[in-house]
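Sharing a structure, written as structure tokens. Questions coming.
Order as written gives the chain letters A, B, C, D and E; numbering starts at 1 within each chain.
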Amino acid sequence: MDNILSLLALSPPGWGGTLLAGLWASMQIAFGAFGLGLVIGVAGAYGKIYGGPVLRDCLAVYTTTVRALPELILILLLYFGLTDLVNQLMLAMGYERVQISGVLAGVLVLGVVQGAYATEVLRGAIEAVPPGQVEAARAMGMSPVMVARRITLPTMLGLAVPGLSNLWLIATKDTALLAIVGFAELTLATRQAANTTKAFFTFFLAAGAIYLVISILSTLLFARLERWARRGDPPRLTGG
Amino acid sequence: ETLRVGMAPEPYPPFASVDASGNWTGWEIEMMEALCKAASYECVITPIAWDGLIPALNAGQIDAIMNSMSITPERQEVIDFSNKYYNTPTVIVAAKDAGITPDQAGLTGKVIGVQVSTIHQAYVEKHFASVAAEVKAYQTQDEANQDLVAGRIDAIQADSIALDAFLASAEGQACCATMGAVADDPEVLGLGVGVGLRKGDEKLKEAFNKAIETVRADGSYDAVTAKYFASSIYGE
Amino acid sequence: MRPEAIRVTGLRKSFGALEVLKGVSISAREGDVVTLIGGSGSGKSTLLRCVNFLETPSAGQIVIGGEEVLCRADGRPKDRRQIERLRQSLGMVFQQFNLWTHKTVLENLIEVPVHVLGLPKEEAVARARHLLDRVGLAQKEDAYPAFLSGGQQQRAAIARALCMQPRAMLFDEPTSALDPELVGEVLAVIRSLADEGRTMLLVTHEMRFAREVSDHVVYLYNGLIEEQGPPEQLFGDPQSSRLKQFLKSVT
Amino acid sequence: MRNLLQPHRIIMLLIALGLVGLIVINGNWGWLPKYMPMILQGIWRTIWLLVLSIVIGFSLAVPLGLAQASGPWYLALPARVFCTVIRGTPLLLQIWLLYYGLGSLFPSIPWIRESELWPLLRQAWPYALVALSLSYAGYEGEVMRGAFASVPRGQLEAARAMGMPGRKIFSRISLPQALQSVLPTLGGEAVLQLKATPLVATITVVEIYAVTSRVRQDTLIVYEPLFLVAAIYLVLAGLIVLGFRQLEGRGTRKPA
Amino acid sequence: MRPEAIRVTGLRKSFGALEVLKGVSISAREGDVVTLIGGSGSGKSTLLRCVNFLETPSAGQIVIGGEEVLCRADGRPKDRRQIERLRQSLGMVFQQFNLWTHKTVLENLIEVPVHVLGLPKEEAVARARHLLDRVGLAQKEDAYPAFLSGGQQQRAAIARALCMQPRAMLFDEPTSALDPELVGEVLAVIRSLADEGRTMLLVTHEMRFAREVSDHVVYLYNGLIEEQGPPEQLFGDPQSSRLKQFLKSVT
């Protein structure tokens, strides 16, 4: 027991600090990716609903391929493939190589992945907003942007929250994939600790516990958000 | 001039690993510092997974790889190498009483574990796969060691030095022992470990080759080695 | 003579191959209560929705408060801004109320005044409270719409439309989604609006009510005006056999 | 599919075909024949892992969902905990814990190597299958909970009012309706499960993704194997989607 | 004298603190059509739902076809089997139809006869076809409920209840979820059931219809029977001022 505690101590030679630093890094990436995904998702959802046929088809290609491919393949293709392509172009044109930081690339790539899922979640939610809600707003002279901001988005929130909550949890876990670009997030920190100390069980369980806490906390937060978003929903019907 | 050197963040003691405070330690780290000093470069470690090292080098995200990467003909098709800076024998480790010998006869019907995409995997696939029951590829050497202890595999093949620490541990001592070195096959096992460089980066290649000679000559190579190993690991 | 609040001339509207309105002209002077009646599918809702451009007319001219709605050649509005501005002067009340479910009654009322018209919040709240009081919902300002009865929701929706201080009100069957017991309270509110001289364009199936409040009644049949006139004349002495038939079937 | 022949779609198709053609012609595909057997084996392994884990996982998910939606607390609570833990921790950790965690216990129980089970415990695929199945059960248990809870009350009341016993109501009303309502979700989740299978490479189960990484490592060709595996996953995902659409289509009970 | 089909004595029902039924007794002999009327929230649905134990009464006695429902001290039924058996003798028709959406109309009808009552399938199908024919849905036996109009769904639901050959039918506002145009077809079916002498317990807002088909009308107010009697008496000469008020408001 003492042994385990000293392994998990916050300051070196304990690895607790490293794990927490990894956690912090994971959270930053997850926040970034989730946020970017939301932005892409809102734009994508509106594009899918109101866009022209070309835009809609492009978005369909985007969401289906991105959701069908394992994230690892996407990261490899986008991170290495794209930077390689860009650099070859730059070199061909006589410029220096550009440097894209692994973290930025990670956020971008995971954000693009999250965006594909968010597009679908938000599209479903937006389409479920009763048309009368939007019509009432239009009939009173609101501009389309204002209708989206003040009516559609708040109304669909209650429906979108469960899907978004899942996406957030995926984001926190997908950061593990950034190990490939050498980013020291929680999973990698766990493996380093476990491999160095050989205390595999201890560290895997510790990481599992950390993830579980994150996930339970987020679930609670999202549940609160949902309750707030659904504050105007009718009381659940009883009787038949 | 700064140089971005790619290292896999998965620990590979005693060559390279990250300690609890996040510092890189190990023979290869100190050797890198010595080489860079000799070549007057400012070297910065860029962690990239083993999988991504060569793509990253070619994509220009790093300038050199110093991660115990053996010089093999296949790798030489896509990247260049400096001369070797170490070379160690390849051994088979198995349960003490298994009665395994490091050749085809001894490994017939056995399950062999190796680290994925290493020269050892290539060697085992080439020489033993036809007779062995199965060849299992692990992401890290540690995981292969774990499974040897658990008894899921009968033997592992790896770098003798990389296995020293394992064999010295309580677990390792309890279960396993070296069964000897495998027969050499330079085509697979390569010509030792060199610094991986982008193709055509002759300037850097020259600089590293010179630096390796320098550190060998001025005694700093031996000084670093003495901190980690009982004998020289440069190879003959 | 009072100025014209709404004038519609030669309005046509098709959905695909189906021509729903085949050239309808109506006009309402300020203070007029004009009622549209007609069978199901005759185009009453479509006409009302064209007036504030929730549907884009296929042809025809619409003039609101003397200002003509500018249209492109294909009938689509030229200037989105103009449409938005004109809509702000028309208070629309829907059959399904369409109160915003995520806002309380008070928030529903002040939404447009504050966020679109730029009224200071206190002023909007004061105005909203006054209106809620008037429609008998003073107690309910903090309730969410889902917790109100249908009649209360419709009264809140009327208050919401009034809160923009519109030039005219448009009602599309404001009572037909209500239980029979709740119809009365909504009709009472509309009647009081008529009494105070508000311009209103009203679609309703409540013939007795239409007769009572209207200045002018229009009977639509199959996308055309079959007959129109003052209520006493239209209900008391209908000319068209279709109108006679219709009046018989609904009473 | 129906309107594939609109002009912009033709252009998009041509662009896609062009890209594929470019990759096929310009790429270095010399390695393909040599690795073909491994690739086929990898695909096969991916497929059976996927199908079996979905079948096992789903048969666990139904009781898990039911327990949470309408079970007594002593069933609902453990089910809830199971789903939370599975959903709350990365699958990679679960696989590791199951494989290496159990493995680290073996040296201290010597008789296990003599037992009947040893040939199974020694392999990696049973752990992979169990881990994947439990994971699917965890996620789908949650989905099924929602599905059971959202069967309209009136549907059940009608059954009760006609004197159906509880078990019959479950098997003939709730379950079919819940299944019908989750089919679209399940399709999406099956694609997610497909994408989760590469993780078993960490415990030496060589499925298609591991095969292509192997190719990449062996040949040091970076992109062509990635393109190949991407194409394979796209096809597999497409098959899953089509399959589920077929299932859904069979039970069209709503006006289009 | 015909035997008693349903008897309810001193029925009370509370939801939490709210007492919805405060001691209601009604009885219907075989062949009787008993109609419950009353304002919204007066407890009509609750009473009906108690009769076949969709709600557990807080107190009171329920006797179906001479068999008393056995209850524990806390009011919950003693014997689940008995409840299931008694329910099979009561055909309930809901306001929202509640046809099983994953089954065709025919499958809906034969579900309980085949899978609960153990009737051979051919026999059940024959019986179901006969009933569908009778309610005018012979063409629709293979349609899923979602593809039917509200009136058709309600008629299918009636046929489904009849297909169990119940001792009595319970209707809870069977037409109030229907568009006015579809009400007639459902009422026609119910009327024909009344004409053939079926026992029925009926909640409805259609006063004209109630007057026409009922043998006995019960006016509930606030969880109590305010007035009851034959329809001519109740509608023609109401005694209670509340009933007078109520009748005025709904016609």
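Rule of thumb we're sticking to: a contact is a pair of C-beta atoms (placed from the backbone, for glycine too) under 8 Å apart; a residue touches a chain by one contact, two chains touch by 3 or more.
Everything numeric in this text was worked out from a predicted model, so none of it was measured.
Trainee: Through how few touching steps can subunit B be joined to subunit C?
Mentor: Minimal hop count between subunit B and subunit C: 2.
Trainee: For the sequence-identical pair subunit C and subunit E, determine the rotation angle of the Cα superposition and round it to the nearest 5 degrees.
Mentor: 170
Trainee: Using Cα averages as centroids, what's the distance between subunit A and subunit D in whole Å?
Mentor: Subunit A and subunit D have C-alpha centres separated by 21 Å.
Trainee: Using the average of all C-alpha atoms in each chain as its centre, how far is it in Å between subunit B and subunit D?
Mentor: Comparing mean C-alpha positions, subunit D is 36 Å from subunit B.
Trainee: Distance-wise, how many Å sit between the C-alpha centres of subunit D and subunit E, to the nearest whole number?
Mentor: 47
Trainee: From the mean C-alpha coordinate of subunit B to that of subunit E, what's the distance rounded to whole Å?
Mentor: 82
Trainee: Which residues belonging to subunit D are in contact with no fewer than two other chains?
Mentor: As it turns out, subunit D has residues touching two or more other chains at 100, 104, 154, 157, 222.
Trainee: Please list all residues of subunit A that touch 2 or more other chains.
Mentor: Subunit A, residues with two or more chain partners: 76, 80, 200, 240.
Trainee: Which parts of subunit E, given as residue numbers and ranges, touch two or more other chains?
Mentor: Those would be 54, 94, 96, 98.
Trainee: Any idea which subunit C residues touch subunit E in the complex?
Mentor: These residues of subunit C touch subunit E: 179-181.
Trainee: Hey, which residues of subunit C end up touching subunit A in the complex?
Mentor: Against subunit A, subunit C makes touches at 52, 54, 80, 83-88, 90-92, 94, 96-104, 111-112, 115-116, 144-147, 157, 160-161, 164.
Trainee: Which residues of subunit B touch subunit D in the complex?
Mentor: The touching residues are 51, 54-55, 58, 74-75, 77-79, 111, 113, 116-117, 122, 136-139, 143, 146-147, 149-152, 171, 174-175.
Trainee: Mind pulling up the subunit D residues that touch subunit A in the complex?
Mentor: Its residues touching subunit A are 6, 8-9, 12, 84-85, 87-94, 96-97, 100-101, 104, 153-154, 157, 188, 191, 195, 198, 209, 222-223, 226, 229-230, 233-234, 237-238.
Trainee: In the complex formed with subunit B, which residues of subunit A make contact?
Mentor: Against subunit B, the touching part of subunit A is residues 12-15, 17-18, 21, 76, 80, 83-84, 87, 97, 99-100, 102, 179-184, 188, 191-193, 195-196, 198, 200.
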